[in-house]
Amino acid sequence: MIRVDAGKCLGCLSCSTVCPSQNIVRTETERTRSIHWKRCKEECDLCVELCPAKALALVSFDESVPEPEVCFDLVACKICGSRYATEPMLQRIEALLPEKVQKDASGLAWIRVCPVCRRDIEAERATSQLVLGRSRKSI
Amino acid sequence: MTQVLVATVCPYCGAGCGLYLTVDKEHATGIEFMPEHPASQGALCSKGNAALEILDHPERLTAPLHRNGEEWARISWEEALDRVARGLVDAIKKYGVESVAVLSSSKCSNEENYLVEKLARMLGTANVDNCARLCHAPSVVGLNRTLGAAGMTNPIADIANSKCIFIIGSNLAENHPIISRWIHRAKDAGAVVIVADPRVTHTAWMADILLQLQPGTDVALLNGMANVIIKEGLIDSDYVAQRTRGFEALAESVKEYTPERVSEITGIAAADIIRAARAYAISPASVILYSMGITQHSTGTDNVQAISNLALICGHMGRPGTGVMPLRGQNNVQGACDMGALAEFYPGYRKADDPETIRYFQSAWGVGSMAEAGSTGEDGAGGTGAGNAGNAANAALPLGRGLTATEMIEAAASGRIKAMYIIGEDPANSDPSSKHVREALESLDFLAVQDIFMTATAQMADVVLPAAAWAEKEGSYTNTERRVQWSHKAIQPPGSALSDREIICLLGQRLGLPFDYPDAASVLAEINRVVPQYGGITPDRLTRSRSGLIWPCPNADHPGTPILHSAGFKFAEGRASLVAVPFKPAAEDVSRDYPLILTTGRVAVHHNAGSMTRRSPSLLEREPELYVEINRADAERLNVEDGDMVIVSTPRGQTEARARLTDGVKKGVAFMPFHFPGTNILTAETVDPEARIPEFKVSACNIARRK
Amino acid sequence: MPVYIDISRCIGCRSCEVACKRVHSGHGHVNVHFVGDHASVPIFCHHCEDASCTLVCFSGALHKEGEKTAFDVTRCTGCGLCRLACPFGVVWTDKIAHKCDLCEGRDSPTCVTTCPANALSTDFEEASRRARTRAAIVAAHGGRR
C-alpha cells in the first residue's frame, strides 16, 4: 500500500490519473482539492514511479494504518479570483522556470494568474495597437 | 478502411462553400476541406465545421408523425401522404384553391424548389413563396426594376479587384466569413473599405471609414452620397448618358439631401459622408455589398434602389471590381427564387400575372391539354395512386400574384387560408410578431410541416414529414454569386426520412400530378428546358465540376456569366433605370413607453432561427443564450449591469435576455440576435409595400432589469 | 513552423476553434479572445524556443523537436504542471496534456486552412512581410493610423 509524504505532495493529478485500478480518489470542490489513497494490494508501482515529487512509497499492507489523505486549498487567480492550482504546484513551477521569465514585460508574476486570464492578457497585448486604431474610427 | 470523400455544398449560408465529407461504413466520419473551391479556397467557417453535428442528432425526425391531441403518433408514409393530400384537397373542395398555401424552403435544392412551386401551381394555387420574403425580397423587386436582374452582379473573388468596398447593412464577417479574405486581399492592394452600420460589428473592424448611422436612415445616407457625387461632378457622365435613364429626375430628387441635412437624419458627421462619397466615386472600381440591414425595412425596396442609383451614376457596374452585391443568407435562397418558389414569379422570373407566362408553362408542363406525352417527356396527367385523394390536377395554372410568406400568415389568421404545407421553414420563430404567427398557424384547418427537426412550427402541425439533410440527398444549389453547384449524397437519411424531392413526388402523385422523377438529375434536366438562365447548367456539367456554373448559362457550351451587365442591361436600349427615392423614416418611432430602438441581426456561430445551430453542441456552447446589447450610458440610466437578466418589451410583447453592455451601439439603440426564440416576439409586422418584407430592423423597445 | 496570425484579419468567427476541436476529438487547442468591442485574436501554442511547458515536464512527454514543441502521449501522466507553466494558458489537461500539435499527419494545420479570413499561416516570410508593411505605415503616420 501507499505511504505519502504530505510535505512533498504537490497535489497534482498524476497518481490519481495513472492508477490502473482507480484506488486514488481525487475530489475537487470550488476551493479545495483532496487526494485519498485507498488501501491497495496491487503489485504495480506506477503512482510511485510517476509522481513528480517522489512523495509516494510502497509499504507493506497494514490494516491498522489509516488511508492517507491530503487536502489542498486551491490558489485564487490574482486577477479574476478563480481557483486554478495548488500552492505546491505553483511553487514547483517557480522553482523550475528561470527567474527572468517569471515576470512578463509589464512586471506581472503570471504564474499567479490563471490560464484564462493569461490568454486574455496575451490577447490584449497582441491587439493593443489594432484596438487603438480601430476605436478612433468609431468616435 | 474504405473511406470515401463526397463533395457537398455547405447547408448554411449563401457563400456556398464546398466541403468533402469522409464516409466510412455509411457514416459521415469527418470533414475535409476543398482548396479548389473558387470562393472559399478550402476555408470553412465555424458553422460549416460543426455541420456533422446535425446528421446523427438524436432529435432528428425519423418517421412521419400525426398529431393526436398533445401526443404524436408514428404513422406510415402511406398514411402520412394520404393525410396531407386529403388536407390540401379538402380545403380546395370546401373553400377553393385560394385557401391553400405552400411555403417552400430556401434550404432545399433547386430541383426541390422547382417541384414545390410546380406542385402548388398545378394544384391550382398561386400561394407559393419562400423565406426570401423575409430577407431579400426587396432585392428581387428593386434590382429587377433598376438593373433587370436580381442577383449579385459580380462573384465573390472579384472583390479582390475592387479599390473601394462599400459595405452597408451587412455584417459579412460573421455571416459570410469567407468574403473577408477577399476584402483583405483588396486592402492589401490598396483598397479602402467603408462600412455603414448602426453597430460596430466585426465587419466594421475592417473599415477605413465607419458610418454609424441610426437604424432606418439608409436612404438618407445613400441620397446624401449621391448628392455629393453629383454636386462635385464625380459621376461617370458617359456611363450615365449611355447606360441609364432617369438621371435628371434622380439629380433633382437628391438636391435636398445635403451632407448637413443627412447628418441630422443619420447621426453621421457631414465630413464623413463627404469622404465616403468621394472615395466611392473616385476609386476606379468600387463595389457595394449589402444585406439585411438594407432589406429588412419598411423601405427595403427603396434602400435597394438607392444602392443601384449610386452604383449606376458612378459607372461602377459591369466590370471587374465593381457591382452591387446582395449577400444572400441561405444556401439556396437564390435558387429558390430562380426556380420561381415566389408569389409573383414563375421559374426564371417570368411574371405570374402575365398570361404569356401561363401559356408557356401550360405547354411546358402539359397542363390544360389532353393527357399525352408532351414535349416535356413526362407521362401526361394522372400519376400513380391518385385515386383516393382525387385527381386535383387543374386544367389551368393560376394567373396572378399569390400570397407572400408574410401575407400567408395574415391570411391564416383571418381565415382566408385554411390549409398550409410548410417545408423547411420555421415561421413561428423566423417571422415577426411570434405570438400572432402562432395564433395564425393554430387556426388553420390543416397544417403539414416537412423538416429535419421538430421546430416550433412543426410542433403545431397535424402531420410532420421527416426530411433528409443536405448530406443525405443530392441536388443543385445556387449560392449568392449565382453559382450553381452540385451537392452529392454522402449517407442515407436516418430512420425512414426521405429527401424532399422524394416526398414531393410521392405527394404529387397522390394528388394526381405527373411527378415521376427518378432522381434529382432528371428534375434538373427539365429545369434546363424551362429556365433560360439555367439552360446550359446540366447535371453532367455540374456533377463533374468543383466550381459549378454561374448563370445566365443559356446552353451547354456557355461558360457561365460571372459578371452581369457588362454589355448593358436587359431593358430598352440596354439602359438601367435610376429611380428617385425619397427618404421615409422607419414605421415605428420611439415613444415615452418605448424609448429605445431595437435592431436585430446575427452572430457567427448561429444560423437564422437556430433549429440546426442551437442543436449543435460546438456552436451552442459558444453562444448559449439570447442576449441584448445595450449602450453603456443607457445601461447606467436603466440601472442594468453587464450580465443581468433583463426584460425587453415592445408593443408586440416581451422577452427575457442577458444584458451585454457595449459601446458598439450608440445611445438609444439596442441589438438582439434572432437565433433564439424570443427576439421575434418583439419585432414589428409593418412591411415594405412592394416587397412585403417586415421591418425586422426597427422596433421601439424598453428594457428593464428582471426583478 | 508555428502558426502565425495576421491579427488585423481576425474577424472573430471562431472557425479555428471549432475546426481544431473537431479534428482533435473534442479537445480544441485554440481559443479566440475578444478585446473590448474592437478586436479578436486566437490564442494558441507559440511553440516557444525555451518552452516553459517542456522545462516543467518531468516525464519528458513535452519536449522540443526542432522548432516544434512536441508531445509524446506515452510518457504523459496527466500531472497538470504543464498547464500551469504555460505563460499563454494554452495547455490543457484532461487525463493527459492537450496542446497544439500543428496537426501532425495532415497537409497543413486545420486552423490555417479553415480560417475564412485567411488570417493564419505557417509561412513566416509572408507573415513577417505583412506585419512589417503595417508597422511601417504606422511609423510613417507617427503612430497615429
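Which chain is which? They are A, B and C, in the order written, and residues in each are numbered from 1.
Heads up, the rule we're going with is that a residue touches a chain if its C-beta (ideal position, glycine included) is under 8 Å from a C-beta of that chain, and two chains touch if they have at least 3 such contacts.
The shown structure was predicted, so the numbers you read here are calculated from the model rather than taken from an experiment.
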item	value
Centroid-based (C-alpha) most distant chain relative to chain B	A
Chain pair with more C-beta contacts, A-B versus B-C	B-C
Distance from chain C to chain A - Cα centre to Cα centre, in angstrom	22
Distance between chain centroids, defined by C-alpha means - chain B, chain C (Å)	36
Whole-Å gap between the CA centroids of chain A and chain B	51
Touching two or more other chains - residues of chain C	8, 36-40
Per-residue multi-chain contacts in chain A, two or more chains	134, 138
Where chain B touches two or more other chains, by residue	200, 205, 663-664
Touch list for chain A against partner chain C, complex	10, 12-14, 17-18, 50, 52, 84-85, 89-90, 92-93, 96-98, 101, 104, 110-111, 114-120, 122-124, 126-127, 129-131, 133-135, 138
In the complex with chain B, residue positions of chain A that touch it	134, 137-138
Residue ranges of chain B in contact with chain A within the complex	200, 204-205, 207-210, 212, 663-664
Contact set on chain B toward chain C in their complex	30-31, 33, 35, 40-46, 48-50, 52, 173-174, 177-181, 184-185, 188, 200, 202-203, 205-206, 604-605, 618-619, 622, 662-664
List of chain C residues in touch with chain A within their complex	5, 7-8, 31, 33-41, 43, 50, 52, 55-56, 58-59, 77-81, 83-93, 95-96, 138, 145
